[in-house]
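Got a structure for you, questions after.
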Amino acid sequence: MTVSLRPSGRTPAQLRDIRIERGYTRHAEGSVLISFGDTRVLCTASVDNKVPGFLRGKGEGWITAEYGMLPRATNTRNDREASRGKQGGRTLEIQRLIGRALRACVDRRALGERTITLDCDVLQADGGTRCAAITGAYVALCDATAWLKKRGDIGRDPVVGAVAAVSVGLWQGVPVLDLDYREDSACDTDMNVVMNDGGGFIEIQGTAEGHAFRRDELDRLLELAGQGCNELIALQRAALAQP
Amino acid sequence: MTVSLRPSGRTPAQLRDIRIERGYTRHAEGSVLISFGDTRVLCTASVDNKVPGFLRGKGEGWITAEYGMLPRATNTRNDREASRGKQGGRTLEIQRLIGRALRACVDRRALGERTITLDCDVLQADGGTRCAAITGAYVALCDATAWLKKRGDIGRDPVVGAVAAVSVGLWQGVPVLDLDYREDSACDTDMNVVMNDGGGFIEIQGTAEGHAFRRDELDRLLELAGQGCNELIALQRAALAQP
Amino acid sequence: MTVSLRPSGRTPAQLRDIRIERGYTRHAEGSVLISFGDTRVLCTASVDNKVPGFLRGKGEGWITAEYGMLPRATNTRNDREASRGKQGGRTLEIQRLIGRALRACVDRRALGERTITLDCDVLQADGGTRCAAITGAYVALCDATAWLKKRGDIGRDPVVGAVAAVSVGLWQGVPVLDLDYREDSACDTDMNVVMNDGGGFIEIQGTAEGHAFRRDELDRLLELAGQGCNELIALQRAALAQP
Amino acid sequence: MTVSLRPSGRTPAQLRDIRIERGYTRHAEGSVLISFGDTRVLCTASVDNKVPGFLRGKGEGWITAEYGMLPRATNTRNDREASRGKQGGRTLEIQRLIGRALRACVDRRALGERTITLDCDVLQADGGTRCAAITGAYVALCDATAWLKKRGDIGRDPVVGAVAAVSVGLWQGVPVLDLDYREDSACDTDMNVVMNDGGGFIEIQGTAEGHAFRRDELDRLLELAGQGCNELIALQRAALAQP
Amino acid sequence: MTVSLRPSGRTPAQLRDIRIERGYTRHAEGSVLISFGDTRVLCTASVDNKVPGFLRGKGEGWITAEYGMLPRATNTRNDREASRGKQGGRTLEIQRLIGRALRACVDRRALGERTITLDCDVLQADGGTRCAAITGAYVALCDATAWLKKRGDIGRDPVVGAVAAVSVGLWQGVPVLDLDYREDSACDTDMNVVMNDGGGFIEIQGTAEGHAFRRDELDRLLELAGQGCNELIALQRAALAQP
Amino acid sequence: MTVSLRPSGRTPAQLRDIRIERGYTRHAEGSVLISFGDTRVLCTASVDNKVPGFLRGKGEGWITAEYGMLPRATNTRNDREASRGKQGGRTLEIQRLIGRALRACVDRRALGERTITLDCDVLQADGGTRCAAITGAYVALCDATAWLKKRGDIGRDPVVGAVAAVSVGLWQGVPVLDLDYREDSACDTDMNVVMNDGGGFIEIQGTAEGHAFRRDELDRLLELAGQGCNELIALQRAALAQP
């Protein structure tokens, strides 16, 4: 039986306990605390009535993201990026990913010349922070566009479809879903997959520093990811259905 | 009646609702979420078995602090300091203050050659973040030294006495305690006061950009601060008394 | 006929003209100018008898990469990163990718405590610079390890297997191989694929800012990538076979 | 007798030899070399016909300050901040203090949309540099506004009242005025006090890293500071009375 | 016989093999690969229809330069300036020199409100990179202004006269022309001389860290430089005469 | 008569009023305020018992220099380099020049493994700051080595010979010595010349952004510089002869 394989005790296709808490802080137009097990990310959506220079006067909006990790979100303390004086490559890579993922579900014309910034700050890390960030940021984004619509600033909702993300990997040869930190560290191969509610792939980032994965392994990982994203999108919907 | 004066509806000498939640995140040796009303600061204490260069080989430890604010902790979004590439003057000033305040209650010889870093990250801001940070960091520090003691790494507790901080100001001529953001913005004069459990002053920072305060006003503000710090120290004790 | 579809006049599965010129500059242990059509990247491999701190004393080597683009490698001039004072997110992302890709084909124990740095500098850009960089850096790396072996510094060759990379995308619904800049700009979806000579996937980075790709499209893209990498690996071998 | 207590040989309430030399350099609208004993600070006031963005179009002026220390102003050489690439926390803290202090004595409407920048550069340090800077910057500011008035650029003088600053501390339990470096290093507790010519407190910054000060000690320190600031304001007046 | 003196086997007054290859890359308005023996510098000229702030509205253009060296252009790898986060003093010094040199041969009114940026990137270094850069950048500049003229953007050619540069030094007491790296390292004294086609000196930079040079030595070095620049200008002309 | 030509009223070969004030500040091992007319530069020499990494263990010392300008040393205020976060190209160029110039008169073996840092800070600028800095730094350096010798830290004096610097230029076709700011701004051509007391040239930096200078003009400028440096070296000697 494969169940016993995972350090977390989960079955291969089992997500961690997912919680989505809307309205976590009060200032932002959207504010969501999302938990993928012990991974906790605060996602806020901030509306600004300006767009970056390259979009000025084009009648389109912009979605961008920033990512950060509190110094002691992890097991050993990391230097604060603000104090080191720059964001590291990993941070930049993740926030570019979050921005692209969320832009994929927005009709930027419907948003008008506005920027929505999604700040994803990891309060506690246990693997999969970028996937949790994307999944939570989507909910914060929905709250922000609903706020715009309620004020009458925009007509139709610029959010078209849903977006969620999950990691998959090969644990001792077995494809498993939603890796926590211990699992991630022990996997040769892992992949972050961003999908929409039509089952389309928004982004695939697969990395094999150890064992290069074969085509059939890849196929099974993608299947698992599809299933995980479906579940996450259902949970997003349930969260958004609440008042 | 003066009660009606304060926008918050509080009486002049009334603290906001103070909550201290220990163990808020799981990785840090001490992890406290402190709330002064809507101001919420996550304070973690991280133990490192090294000291800065200037202390190496002297048998003493070090206490230092870093302060940050999530971009949307405030009413309008602030640029992320990590992305701007440097910490602003206000941030540096506050984290230097937190460090000094906490060092004032530690016997650094008893700590041995270790550094405890207090990260104070503001999740939501509504005035008084530096005072909340100091008051919460003290509790996180106690948890971290208790952890060291439990492991047998140190003999006696290096924390000697307690430290708390509160703001006071003149609201339309009336001295008031623990200003929230609306009150702070409307005050000509305000003061942050750090005290210990012996009623001694650790740090006084009073600023009057508008009306310069007179000696008698100063006296009443200091009295109010003393009373506020006493209450806060009692709340710290209560929090630490829980298992 | 599909040939007419591509702006470049190539058939969907046709690589650009690939040239690999070894010994392009004389100081580096490996120095390769690789061209994917008009994309030209200078890849040098530099051997250093040190390893980063986290590897010291472990008997293993390290492979790392840096990526740059000359300011006028592109159609309009880009600011020089050295003069802006930092490397952008795209640069950091690409150089992390190159490093990971090359580490995947190296037995770091066989390298001993040495670092090989692969500098990939784009002299002229026309799409696919990161794929050209990886494919060229592999050849430079082989020259550097051969140099080490010839000097007797190492016993067996640390390079195990070959690594190449190519982009694929959907051009008006048709999967095409090795996009140039014009094609890349017009594609909704594109993917960079790094593979080894065993047909294993080292890295997959697929992005769909416009149309999210379906599973069957993904399957055809991966097939095309496999075919392209095979051809590239054959060209690497041919280049390395020359004296 | 307490006189013998102070390393400087001064009585507890005795200022160091204070010198104020106007017109020290010729380019600035105000240029003052102030000496508090061996502490020498060059304070220049520069008028600019612009205001920062947040004040544009509001009909108000701005007063700001920058502080620096020559690398060898101190006993051992400090790294040059320009070469380290950033101003330290102490520098930022001091220059924010100087700016706030000087703004407290200026009617910014009377200044019109102009900025006066006060550069305070320490040529030689022997304790109390921030107090000397504030006290000297006030004189430079007066010279600059007089220059504006003489040119007919402004009608009434924007400087309303005077501002001076002095340090006080507890030297072996005895409150003493205007600490030099040796005294400052040996004091557990010291306080910088900025006052106006009406005896009002502009800023109080008291720090006790060692012994927390009691309320009665604080009272005596404030008294001493008031007396010191009075003397300094008289010296400022005398300096400004000269042609 | 003096010939035997030079490590390169050249006679004292002999330039290295000089090659000037126009159109080396395809995007820039001017793109020249210049070789002084093994020193190879890619010089591109980029036209921008803007000028820096200090020239706006004055009807004049601007010529500026940036200089870079690929990390492994030299015998041992140098850190990438983009990754260190700043350009070193040597880089800034050289690019300021290149800019001044090229401005000396341009009628900036004839250029109109345009900026031409000359990027000089050293692909391989063997001494004399700044001289090669100036000599090559002149050719790239001519191609860029010819491009402007051909498009009808400007009337008359803003390039007035030619500019070239060469190094001279004292090799074991003998004045020699165009030092390569080995010669340069062994010279006590060397000088970079920029001249125009009228035999006028644009820039002289002579440095003697070891033996201070006497006036008669200086005279002979200047003579040699004049002769070298004449030859280089003839080679520039020949290169520009080709279609 | 040529005298009337110079705005300063000086004859072509006349230096400004030169003053050299030793012991200007008290902490540094050498501290000199040098004035070339209204140009005033504070030069301090700081001894450190360490050398940079590349010299460690070689038994040689190092001489280095840093240059700065107070923000309001000039007619209009310049941004503070510490606050902009980096030293500009001009600053780096000048401090490299000062360092090279002073190293040319030091026997670094006799200094032993020590670094002497020469900080040259311009208090007031009126042209020729780098020449004043070199000339003054030489005197500060002598005071520092004398201090080392007096303490018995070194045996023989590492300073071998003297170094001074002066600017020369063509003012309306007439070669003139020691340009002040007004003259410098109006000169097409100017040159900074560093010489030793044997009449040897240490450094020549001639720049002609306007009119390229002819060989005969160059000859007359060098002669004038030689005469000026002779006078400056005599003044240095006189200053050092005082107790």
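Per-chain numbering from 1; labels A, B, C, D, E and F assigned in written order.
As a working rule, contacts are C-beta pairs under 8 Å (C-beta built on N, C-alpha and C of every residue); 3 or more make two chains touch, one makes a residue touch a chain.
These numbers were taken from a predicted model, which means no experiment stands behind them.
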Give me the set of chains touching chain A intersected with the set touching chain E. C
By mean C-alpha coordinates, which chain is most distant from chain B? E
Measuring between mean CA coordinates, which chain is farthest from chain D? C
Cα rotation angle, chain D onto chain E, in degrees to the nearest 5, is 120
Between chain A and chain C, what distance separates the C-alpha centroids? Give it in angstrom. 28
What's the distance between the Cα centroids of chain C and chain D, rounded to whole Å? 59
Would you kindly tell me how far, in whole Å, the mean C-alpha position of chain D lies from that of chain A? 51
Send over the residues of chain C in touch with two or more other chains. 85-86
Taking touching chains as linked, do they make an open path (line), a single closed cycle (ring), a hub with spokes (star), an all-linked set (complete), or other? ring
Cyclic order, anchored at chain E and moving toward chain F, comes out as E, F, D, B, A, C
In the complex formed with chain C, which residues of chain A make contact? 86, 88-90, 92-93, 95-96, 100, 103-104, 191, 195-196, 198-209, 211-215, 218, 222, 226
Touching chain A in the complex, chain B uses residues 25-28, 31, 38, 40, 42, 44, 46, 48, 66, 68, 70-75, 77, 80-83, 85-87, 91, 117, 119, 121, 123-125
